[in-house]
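Note that chain A is present in both complexes that follow, paired respectively with chain B and with chain C.
Let's turn to the complex of A and B:
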């Protein structure tokens, strides 16, 4: 049987060789396996260089200039580190970074807490758990544009359902507070929406972590008469921790560059209260057309995310090795 | 073989010539998506019949209009042959050569700018400002004006109560003090079983809304951009006591009398508030007024109009646009032909009759003009007192800075009016320093 298979393969190879044009055949014969491998991956590498690496290098170059994309005829001057200096000393930029930090911290905290709790519940495999898993997953399947517009209506002070629910519980007049128009409430309004949308995603990852814990470990703990709390604290949590950390990493990176949903909900307002870094960057780049300045800001954000993610991945690896 | 080659070349050449012909027989006009744009489509059918050129239209919703079209111009795109662009774009589009300078064409075709309202020509056509360098033909005169529920204002019970409270008759406000007082009177009042609010004003953050709204208060109080025009000396002008008072007045109106949730509202939201019977008064561009008159619920006898109230002086925020030929067009002749057709007095008269705001003197000086629409007289008054934002090439940066500082102060309650205007001067100074103008 094996012999028959090998002869079929050989015949096919011979056929392919016969069909290969003589010129191409001569050039391929001269190539090593490594060279052939390079030929295969070259298109991908060229594509990556063209759409990722080149723009990055170009952005670094622009960040040291006063270039403005809407002034094609203007002379581009080298300004050294001036753009970086301006950004790092601009109080408005730091306010945007604070808004981002607030958003990232609270969304991750709430999503991890609720996501893990939901995963823990779903993992109990109660009756109808598959149905409820599907229901819980719906928000993350929606487009951020839909979610943003949908919640904008929910938060509308005169007709929005959210205000009426709050009224039901507190007795406050529905139009007496504005979730999106109030400086105090707007940052929390976007945290609520992001948590509603992305908690299922964290839940899924946590669920995968919980399902990967072998049953025999729990059986051994049961033999040792370990309490539920002890089992959770000594087995479930440590073994699911790498998954939780992975979810935190994914959500952290995503929320650091959050743009669409915040734009649809508040547009960065009221004032600049919810103006996260990516909105500031968009305004600098495509409203004020300060291309050099915004390139410098993008590089700073890139370095910050890349640096933090690297530190985090190292911590994640240490946890996995434990 | 030679015959085949020859036939192929002939085929390619004829295909190329057909393409060029098709292109030269079509024009694309870009503008914002709003009522007057529909009127222009209707009117342009006449041009199509006259010239044999097919007109295409590319209308972008207002919030994305600047972003989309400026991106198009900056990338040298060929989407638009003709563009009805905002007045503030003139400086940048002229200096970056996105627009064609029209002086020679006007001279050759006998089109005189003296035939158009002077304020409109300066605002929509000239760069540098006030010089006889024309980059556009005034196409759509516009200013920020007001409309109110005339039927509510005419109610005897409300009139009596208002007289008793304020000592004056309930009528369209003529000053900002009266406007705030009248708005406060109506705010939170129950009319026909519905709770209503004082006035809907512009508070939009992303594009230009709050600047256009707040300057409608600031100009009448005496706000100026520079002490001496062209000098960029903003200290004492931008943050003058009058400018501060104007900004405070706008915030007072926002705080007292906006419908709940109107923290990021512009043209559409203002119209919605009025049409749904939520507000007694609303500010908006004159361009929307023909549509409002025709509205089944709030139009006709129920609506009244008034020009932006004065305070220390008269002043209205300029809207409106000129029509320019985009320098990247493949159909320059066709585009210029359209401009020539549009400049004709009879075309301008038709433009006004269809709901466009013509600023041709033949239309404006017609004795019947004032009575042609219930807001026509106010439009004339407004166009004689208009003031515009910076039209500098760096207008986008200047506008973004003002949007931020005003929204921070008015909606987000950050700092005082004086602090907001001081910060605005800092922002603008930085822009002008970068531009090499300071």
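Let's turn to the complex of A and C:
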């Protein structure tokens, strides 16, 4: 039987070989396997070098100069580390970093908490769970531009649904508070929108984690007389932890460079309360045209994210190996 | 430890009936093996006792108490799963300690540790206590799984083909080990397998399951020597029992209702016809030649093939179109060649009617 099977396979391989156009087979024959492999990945590598690596190196170079992109004829001076020095001592930059940290921390906290809870519920496989999964995923599928404009309407003090709902539950006047206009509320308004949009994504990853735990592990725990609570703490959570950590990593990197939603909702205001790092960066680079200065800032951000992500991935690998 | 009884238990999965009207009594301290082909309902029976499945009908008694609707944690059973089912993120030590950390056991850390070390020695895994449970070989994982069951003192141990994924040598070692541990602890143990050697060597009693029904329950010897039907007869014995239609072969004298004759390989004696012819005294190939039953087979067969197994040979014979297998000495191929004609004679034949039931 096995012999018959293999001979059929061989025959079809021969057929496929015979059907390959002579021109193609000849030109492939002229190259080694390694050379063919290089040809296949060359376009990607060239593209990557051209639009990622080269600009990065160029930005590093610019960060040591006083170059301004809107004054092409001005003399470019080498300023050494002055840009870096000024950034790290600039109180406005530190405010932006604080706004970013606030945003990143709370979005990750809420998204992980709610996302995992939703995944845990969906994983119960109740009637219609597939339908509800799809419904929950909808916000994630929308474009940030749509979501941003959509929530500006929801947050509208007079006619916005959000204010109306808050009124319904608390009795406060709808126009007595402005989610996007108030210094205290605006940072939270953005956290709410990002959480609304990206919790489904975290849920999906957590769900994959929960589904990866085989049923017989739970059966073994049940026979071993572990309570529901203990089953959750000593099996569900530790076994899903690598997935949860992965979701946190993705959302963390993504939100560290958050730009679109903040621009659409508040544009960094009121004042500079929601001005996260990438908004500051954009202002410095394309409104004040301090190209050298903003390059230095970009490099600092890059190193920070890269460093944090690396430490985090090491921790993730340790958890996975456990 | 406790006794366990099932009273006419039935279980269906959708349209498939897994268990039909199954009743079985397992005495305190008894080692019962359920033997049957895939899909016979062996695992379902275990899962019903553990409470991982609820029966559609019938009652499950553990230690005299009706446990039919109780949750697994209330039943005080321990289960060894076929797929090991170790907790992959825990060390061997934590895996073994897991059942002891239930509030049902009021043990402190020192007592738990002592118990874990004792069991680890019992299943010979004490040198790897601090390994991650996923960094073990298959045999080691299975020993941890067995250890995790043994660490408690449950009403009954349930084991679902615990040795089936191991290599032959380890299976043999663990088989002996498991029987020793069970005797030492005086444990009640229900063990599921499709391996007849495991069943024969370990069981106090064997239950033969087929199509969700308990066909026969008895000691290994009872089951082997006195099978109730063809299915049971064919389940035990290596090579399997030879089955011949009574009418098909001239010279068979059988009881009236018998339509099939079953001859175990050790009851099928072979003689070289040449030797019989010249000396008049039959020269037995294999073993001493006793008198044949008056009713049994006594005819001539062709030797098709000899399988050399070292200590013995398997002889493949044919009588007309019917094939038989018997055993011979390890050096038999020096005396007879494939293609030669042999005289065969049967003793202690078993007879079955058309439905396959014993006559």
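By definition in this document, the second predicted complex is superposed on the first by the 282 of 322 C-alpha atoms of A that agree within 3 Å, B and C clash if a C-alpha of one lies under 4 Å from a C-alpha of the other, contacts with A are read in each partner's own complex, and residues count from 1 in each chain.
One rule holds for everything that comes next: a contact is a pair of C-beta atoms (placed from the backbone, for glycine too) under 8 Å apart; a residue touches a chain by one contact, two chains touch by 3 or more.
None of the values given here were measured: they were computed from a predicted structure.
Student: More chain A residues touched by chain B or by chain C?
Tutor: Partner touching more chain A residues in the overlay: B.
Student: Check the residue A:268 against both partner chains and state whether it touches chain B (first), chain C (second), both, or neither.
Tutor: The first partner, chain B, only.
Student: One more residue to check, A:283. First (chain B), second (chain C), both or neither?
Tutor: A:283 contacts chain B only, not chain C.
Student: Between chain B and chain C, whom does A:167 touch in the aligned arrangement: first, second, both, or neither?
Tutor: Touch status of A:167: no partner.
Student: Per the contact definition in the header, classify A:133: touching chain B only (first), chain C only (second), both, or neither.
Tutor: After superposition on chain A, A:133 lies in contact with neither partner.
Student: List the residues on chain B that touch chain A in their complex, please.
Tutor: The touching residues are 67, 70-71, 74, 76, 92, 95-97, 205-206, 259-264, 393, 396-397, 400, 404, 407-409, 411-414, 434.
Student: State the interface residues of chain C toward chain A in the complex, per the touch definition above.
Tutor: Listed in rising order, the residues of chain C that touch chain A are 50, 52, 71-73, 76-79, 81, 83, 85, 87-90, 98-99, 101-104, 132, 148.
Student: Quick one: in the complex, what on chain A touches chain C?
Tutor: Against chain C, chain A makes touches at 214, 216-217, 219-227, 230, 234-235, 238-239, 321-322.
Student: For a test of understanding, state which residues of chain A touch chain B in their complex under the given definition.
Tutor: Its residues touching chain B are 66, 69-73, 92, 156-158, 175, 178, 180-181, 183, 266-273, 283, 286-290.
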